[in-house]
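The structure appears below as structure tokens.
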């Protein structure tokens, strides 16, 4: 459903991604592992149209989308829950969720259904619907970010390090929700530094180092692989 | 210990970015500060270099309390730093960028400048020589007259190093020196950092490229959630359960049990 | 980028060379042997801001007269009015074949430059007019520019044609200054008497915060009090700064004045008067001589009659028709499609006086002689060109006029003769 | 040798400036060029704090006016001897500049620009409204020409021209020494990144203040010269539009370059005069020109030229290095 | 006549105008972080378009305002496209200079086309009414009512419609806005349009009680800057409240302190505030 072939991205002179090829099948939960700065976020930003590849193709459902603008891609069904959440701090929780439907606004019924669903996944958001996003705790903000990404009814969602700065208990809760979302049929691509927790819910994974894919494999293969560990702490 | 912090804490609103951190940086050694994203590493740097005032705790440099000092005064004491993103003066030459680094060791004022006093001439000469010296040190002597916008990313990093070195520091704090450069270049930078130690400097760096860190650092401090969770040699860190958990995620044992 | 630098460079060169080219024409024109006519015409086109060209009489020597005033910027309207009078007179004289001085037939050329109301620009312009046109006189319609020029006009030997009723201008001990309008002090007493009698002794002052407005106020306040009146509010109103005149007018009216002193350009004056009426003011308006009752009437449209009732001011030219100015008013309306104000009227008139003074002096370039013969000039201007009843030209170079006053009674603008 | 070669253009310019009055007896040209020189001095002030230190100050017409009014009031109302008044005018401007700078420089970027814009407006309003002191909208009449220094008198246009040229040349030399020294480099470092400047040990607040004060000093100097040259001043000289004019001169010539202010000011002032027949159109050209310049050529004429020269020189040097000739550390 | 009441009312009138101008300025600042010095020129053009539509085409007042909204809104949009968009990566000093360039251009253009003289704008609401010892005209009531209506409509637009909310969203987090599918270019253009429209409305309703002339935007824009600094750069409620505060302060200040220096009040207020709080009173958090 999502396919990157030999994608390279540059920031000025620096090649942030070199010849990245990866695929995500419909319904899968795929995880990207790697240390900070390895290139995970750049992959995500390239898929969702925030960065343009200098080389290679990005395909979504067979259609080439490399270089398309982010606003068009959201419409096509790519949801992106970014690193750092990128919420609208002075808007209420409800308004943030409503903004999530921006690309697919119009269908009021679906929006209402989706809102219901997000509140189901994260009851706390329903409780705090009228509060400003900026006043929420880190975990709640992460939930809101996930919820907002879901509001556009994406076919595939990219979660970029959703566990950052979250207490372990909350992290687990977030991962459970991600798994649930995946089970409901949404394809998920997850970038994590929290490797083990991520692998536990993933079908497959890729390990990124210095902008390249160094290892890929199924959940089990990666769990046994020392490369994962090396990619993180250099040993 | 060249630099020591005790109970160092920084709060931004409700968020505790650095929480009761106690670290010591040994003279002539490479100390690395690592930790997952958002662990508070950069904030720690900002506190030590006087860029943010700390909420609690103390920082000493050679036994002197520098907690309340402003950044430019801290620089004068011999503490230099670089930034994650190098904000150099792009449309000036490398040399011009670096010369000003020695400004804090000079005393010339507007009066000296306008009347070209001997002091100014002396200090300009010193600044220029210093710049040439540090550029040679970082291996950029041949790029000295190019514009910064025309040199490579790695060379820019070196310019930033040179600028920091031109302040005649005793200790240099490097914030993600290898971010945004390719693996080969990373190697070269690591060599440069070692060279700095050989010259008697002390280096403290934040870095995410673990291979580089593990091969380079003498001492590693690991932060997570603003707290120091471990410190030790690279070997110790690599086998430290808590560190592995911080990086690879909770439930490691749990996962193996499955 | 390179391409762009090329374009910028080229345009700079073109501009500079254009500037050179212009200078060439000017110097040729300035040379005595140059043939007037075609070149003078081309010249006029260059310097003239007015789209209109000055005509030149065939077979005459050309005397260029200078002008520097606000032709752009906030006061451009005023500046253009002044120029319109000059232009009209110059054209008339030239069309009639010019004028004869000492056996030689001359025609006028007008070089009008813009100074945006800025004194330093006036200084530059005056120097330019001297250098490029060797003008015997420069007309300047604002006191800042006049003062800035008085610094060097004696040295450079040209007359300042000062259109300003500021008394200081003739108090500068400058031998080559010709003050064109009357100083405003002659209006003060009769206007005051009339209004005090008709409405009462309480005066609120709300002149525009311009130099002229302040000058007037300074003259008026003591005169009013001398007549037994009382100044209950001494303020000013800044048309360019105030977002809402109501605030200031409210304050001016808070002590229930009988008479309100207002003025400035006609549009804002009308606005102030109307708003004063809106705020319930029922007294009379004492209108400074800049604003024209007829223009105010026109701006106000339907409401005019009740607003301007009880006003006293300078008679509009159209009301103060004499044998001398009737033709002028008609011609002006035909030409500019608007009613001439006193700026236009005076500037029209002074060109005729100047021509006569030149005749009397027997020279078109001896500034001192021309200045000395201004009084003679006034006397010899043909009666059908006498726009205003000038009584004298003082030793300091100030022209004084017969007193005139217009009042609004029962909705009619009536001329009160002395 | 090399230094002389580098200064060739400016020296030619200086020579032309020195000889200019000998070739023309056109008082008008001399007057206009003198005015341009005066403005250029003020533009240098703006250039120092804006172009070098990176703080866009929009109060400069205000300081220009303070210098002018201080001189005018001291000579006209207080009858202070000219050169003493001149000196005092500079002191007054500098003191006010210091006070404003102390407060204004606490703000950054947009706030600083807006703040200084408002300060400039306050100065204008005070000059405009306080007519007991400043003569208000009437302005000040009859300001003295510069008093004679020994046998040299300044009562003609040409002598004023030379006097002001001397001040301009002094200003340029001052700026050259200042900006090319490590002191000036400090300012550029602040423009480039205040954060970085602090970490290399620069007390940015202090340095910004010094450069701001110098810039107001230059504005005041220009104002004082203006007052005694035009000999009449009104509130217009403190209006925002005057600041915008200065800014335009600086941008066209090259913001943050040594000769930009002279080039920009002379070019625009002369252009403005020669385009007088199209008064109304001028801003229609200059407005978009300003916009185009900042979009495509932010360093103006001089900056663009320098960039081009520098690149060419580097290429040359590269070539000579490639050819194995000895490397010479120039500059 | 009750001076105090009358002045309160006057302050309300002026404050309404200030608020509308400040609103446009604050919206643009919120989105693009540009202090748009050319906003005063938009205000001025707004006044002229309304006046000239009425004078030259003979359209009624309200149609004139509508034309003005469209024209000035489009002009503002063009400004964004042609000038500010190309400058978005330039140092912050550049967009300020460019804005000044636009200001000079527009002012001269208007002057060239329509002359520099003061012009009065006729209004269909010239009648006066008196109550509680104060006198008002229908035009003034119209100003206050129209301003409130426009503010409510704007608030509804920003709160209730997705397109309007996109403006707010983008001012709070640019990248977050991209990720929910907001097109940055479109929103920037829309914001400029709205800001131009607000300036046009403000000028059109204020002109009948004032005058139309090329310099009419100078002081208004300066004061609008003061307002948005006081109210928080980018804050919509701040602009509204700040506008009214300034309007009332000025009219009372002119009465009880000094008429000549009443214009100074705004600037002194600003200087005092920035002296104490260099980041402004309500520095927005998380918006940038």
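So that you can tell them apart, the chains are marked A, B, C, D and E in the order they are listed, and the count of residues begins at 1 in each.
Note that in this section contacts are C-beta pairs under 8 Å (C-beta built on N, C-alpha and C of every residue); 3 or more make two chains touch, one makes a residue touch a chain.
Everything numeric in this text was worked out from a predicted model, so none of it was measured.
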Practice prompt. Return the chains common to the contact lists of chain C and chain E.
Written response: D
Worksheet item: By mean C-alpha coordinates, which chain is most distant from chain C?
Response: A
Worksheet item: Looking at C-alpha means, what's the farthest chain from chain E?
Response: B
Item to complete: Return the distance between the CA-based centres of chain B and chain E, expressed in whole Å.
Response: 47
Worksheet item: Distance from the CA centroid of chain B to that of chain C, rounded to the nearest Å?
Response: 72
Worksheet item: How many Å are there between the centre of chain D and the centre of chain E, using C-alpha atoms for each centre?
Response: 33
Worksheet item: Taking each chain's centre as its mean C-alpha position, how far apart are chain A and chain D in Å?
Response: 54
Worksheet item: Which residue numbers or ranges of chain D touch two or more of the other chains?
Response: 280
Practice prompt. Identify all positions of chain E at which a residue touches two or more other chains, and write them in rising order.
Written response: 108, 111, 218, 260, 263
Worksheet, complete the sentence: Inter-chain touches occur between A-B, A-E, B-D, C-D, C-E, D-E
Worksheet, complete the sentence: In the complex, the residues of chain D that touch chain E are 50, 54, 56, 103-104, 106-111, 113-115, 117-119, 121-122, 125-126, 129, 240, 244, 247-248, 251, 255, 280-284, 286-291, 294-295, 298
Worksheet entry | chain B-facing residues of chain A, complex | 11-16, 35-38, 83, 138, 161, 163-165, 168, 171-172, 192-200, 210, 223, 228-235
Discussion item. Residue numbers of chain C touching chain E in their complex, please.
Written reply: 72-78, 209, 235-236, 238-248, 250-251, 253-254, 265, 267-268, 270-271, 275, 278-280, 299, 301, 303
Fill in: chain E - residues contacting chain C, complex
1, 3, 6-7, 10-11, 13-14, 17-18, 108, 111, 115-120, 122, 126, 128, 130, 135, 137, 140, 206, 209-211, 213-216, 218-220, 223, 250-251, 254-255, 259-260, 262-263
Response to the item:
So, in the complex, the side of chain E touching chain A is made of residues 159, 162, 165-166, 168-169, 172-173, 175-183, 284-287
